[in-house]
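Before I ask anything, here is the structure I am working with.
A, B, C and D label the chains in the order they appear, each numbered from 1.
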């Protein structure tokens, strides 16, 4: 049987390349061999990275040149009561993070939300997008292509949907810049985050465009999608799920549990999250929504790079006519799935199970909706807690005590 | 000795709260008890989450309500040759991700960069910021506060620096919006990412402002910092490290290894990364820089929520006079550290060791600079690879083969 | 007969207020009286302001508290050949400005465009928007309102269109932020710029929303319209006319007439208009499109405050396969009309006549389309000229000679 | 003596070109000749355009190919009491516009501001910018250039200031994107708007950069200035004057004069100007600041294309502890001058006289500061009036009555 040492030796000798090892041994052995090579080159000790608790072969769809796994501490906030369109009841929120004080802060927010009877959450828009860019001769041809697309959406749909058993093409929106035409395809990808599905389906549709018109495909993604970039098109029009969570917290709870007042929280939200973000030229009008998004993405196998768009969120806070505190968080472009991608990895699948949303939903899409609602609620809890902490002035001391 | 079952029972009985368990047992037992509770409530199996390979007590500064750890597959790209201001030589780039094809893609980019003699990388600006917001009576008082700050920067520096043995206050920039005054404090935080240092130091400086002027602190962070939000202030002025990596790839290498041409890559970059992003109202003019940033952040213990600002990057590509391909990636606000935060956790420390940048640098700050340069190089490799793949039209098939 | 002196005396005595004078004398006398009052208070000589060449009564729909008129020098560039969707042939471009060198620069661009056989221009999207904001109880009600709107667009259309003989409601797009729901109504307003038509029609539709749902109208404009603000929603989705003009200039013409090369122009466009604007966090990826827009708006009676959105433009420049220069300008949100507003004033009507687009078009909307195409061509000429001037390094000397 | 008909004939014969006429006749005759040519080509009647009330020769620095003048109705709002840093007392605000209801609306706002004892206004930052872009070999050279600039600011200042008797170079800020280095020069240009001064001075400084380093100037403006584009760099860092006006209106006045309540105005401001603009991806967080800016720019000879940046404004509104209404408008980048440009034209000079700010101020810069404060006050009046109108629900009816 080939050992890791054997493989490493063959790499050293130039006989094998690092990414070819799985062809000559099982995945765990290949992984161990790479640790030897990398440790040798760098002087690093990779012992803990090698102490992963799953079969390397199971990570095959997720990684290449595997050397092990990174272990990120996992905590829970809650349970928090959620009244969602797809998720109802109490849930612990799984969060993987290295930022001390974060889970404690969100936990405090969950506790206050529960005291208010729970959070309301809804997905208000949904659709995964891919926007190829085509080159045309000039704007006359650009205009003709735009017309052609409007007249031939059915043909594009047929081509696109032939590639997928689940996905549905919702619409195609053209944008013209000089001799560039961008077509933003939007899909219902059900419980999948859907980037790959959308990319493959759009590729087929592009073939139709090229076959039927004079347009030439430049790139299957023309950045009007827009994936993993902080773009206004997502903040305005949404991508993945547009989801809001809100709650009304009574004045008593705000005062007793959060040691501040509804008026103070509303004022801080306005001066910091709205006016401060406005002056900063920001697409994120919130305190730290990205924290909840990143931690829950990591805990549930989402794509960490898509935290970028997840941070396109607006937090509002106001004093109600009754003197209570209304607070909401609206995430414009939360790209989540409960099937595919990293969701099958063991710890990540367990994270989904904690929320009760592992795998395909019933109806299809319901689990991804529910995940979006849970994340929005986590974000809401985080906003409520941090704004209140600022209100009662102990942000820096909280970090001094808990974090480092 | 208290067992996890004992603790869980006491939680069920309402005798203990979930976050109090560490007061009654060691950290691993407390963690196990929480798994019991969460599993019971949710029906989730948390076995793999519980199979973490470090002492729970070691994660104490990083997490609360710990139930275990999430394990994310770790791969390596490279080694790639980097000619940096702080890092020179060949490095494997550690990347933790669940997105299939990503490491392979960056690996291909590294290989091409090596064929060109390596990448050049430089940190061109540096400084961690915190921007409290103060309320004043009106704009007359706002203007007076701005003047006071300009005249009293020394006093603010003294107060701020009294809280830290390493950090230095670089400057304070005031911004006025009505009766709000935002003071953006910028610090040299050496090898620490520096958010906590900056927050604590700024807190002290705020006390001076409040004691000496009529201004009233509303929030220690007024969002002009701007942390974990996609904000233009960071894209323009930088936060953490502003870092660029570039390389010139010969036409032969582009054609033979990337199966495209310098002209095609430059054209795609213009139509997609520049014009497409422009039309999208984006702060990210790149293809997928967030992927490299997120994966290397995860592998080295950085704050995953700060991927948001890391994606404020601009990629350029052009054909040189000699017909070769010049390509660059400039990340405006890459917030990284090699001490503090998640960097002490075992797998993350190993990730830093792979790059040779664990702990404090010599001189102070050099390791964080080197980490920034390594990440920029990884991003460059990723851009080069994806743009070329688009050029040779196999993006969707690459995903179809490798990803899911 | 009442004289200006009489009226002024009554104002001084507190008998009349400044805006009431038209009730007691003809418009010119009232205007003269105000000049007396204002001159007296300020010491200003208002003689030239009073030497306007039209009946004050004719300006009644356009101004209140009239004291006279501002006279802005009017020049012409061209004639330039335009191959548009609505406008074809040679046109002088009327431009009112006080910026020396501007008309000369655009004139030079027109001359070069003619040498290339003219510019191509097309309106690729069209629609005037108004987006009221409604308050609802919470996000559950927000989602319900969004559904209601989707199901009741016909009722909204009926209400809206009842207020106008020309306008047509194209679509209504809902956006949710917490307990705020924004409904972006988009209209075909034909040859009118259409803000007032859209506002009035939307007001009626809002009554239906309030009558049929629990939503409460907060403001008839909720800033997602977005009028007279530099907003991404317009840059991405358009407002008024989305219009592009382009041209291909032969290498010979670029070299002989512009004293630069296609490559130099393309490089400057990339480094300045694309990369520089990207780094600036801009919604305007061009050199000085606002100059042409402002000057032609002024010359044709458009709303000068809408120059703000007119500047949401992207300029592209590239070397063609034949070595020539392709250049384009795409204006996302050019709000223009040839009826209503300032278009009836005598000098402004003459400006429209110079372009041959005064009054309603045939078919309806054709004149406003043609005006948009003419302005886009003027912008194209300006971009071509300035980029070339930068290429041949005489920007500062041009200003030194001509401007001040 | 040469007549207009003579000149026109020579143009028709191809003997003269349109822009050469001033070489053969006085300016008014040349202007008349062009009217003949343009009228003939277009069929337009240019009679009123020709009825301008100044010597065409006086417009020579402002226009080329002059055919006459556009006449825009001029009204006044106020007088309004202003307590500014540079302007104190009551002023009529001159406004040239064709938008019916605008002057009336701002006039109403002025009246309410007076009832509150006037507006406070202050310039909080000042400086005109020009940002050339240089090309370097790679990022290593970029970093070296950044260092060189930091070490040689004195030499750059000397070169820049040699070109101007008034201007002072305040600072130079470098920005790096790949092999592009942008240097943002910021000047105190006193009472001049300063674009030309800044351009010429920066041109000299660029010569020094090119002589002393390996950098090559690509364009004297690299769009990080940023002129006439809606850019975040201006919204964040300012350009021209950053100016704020504010006022506190008693509850009684709000109720009796504006027919609404402080709470309603604050709520509308939050839902529309803050949250609505946030969702729109806007750099303008206000209702219609551009209206006041455009109208006062036109009335005082400012550059109409710079309305684009003038609209980068944030409006705040809040209920004070006493139940009154605090309202403010902060304009980040208001580029104004009282000398040069269009300020010497007769009607425009009269507009400046109405404000008492014509020509150079004492100390230098005071008049331009005062003009900025006056415009900010006009914008404040407009915001107050429109927000209140929305509060009392008569926006559409106001337009129905007054506008068209």
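Keep in mind that, in the parts below, contacts are C-beta pairs under 8 Å (C-beta built on N, C-alpha and C of every residue); 3 or more make two chains touch, one makes a residue touch a chain.
From a predicted model like this one, the values you see are computed outputs, not experimental measurements.
The set of chains in contact with chain A as well as chain D comprises B, C.
The interface with the greater number of C-beta contacts, when A-C is set against B-C, is A-C.
Chain B and chain C, compared by their mean Cα positions, are separated by 42 Å.
Centre-to-centre, using mean CA coordinates, chain A is 16 Å away from chain B. Chain contacts: chain D has residues 175, 177-178, 180, 232-233, 235-236, 267, 275, 277-281, 283, 285, 314, 316 touching two or more partner chains. Contact topology of the protein chains: fully connected, every pair of chains touching. Taken together, the chain B residues at the contact with chain D in this complex read 83, 85, 120-125, 138-140, 142-143, 146, 174-180, 232-233, 235-237, 242, 244-246, 248, 281, 314, 316, 326, 328-330. The residues of chain B lying in touch with chain C in their complex are 232, 235-236, 267, 270, 274-275, 277-281, 283, 285, 314, 316, 318.
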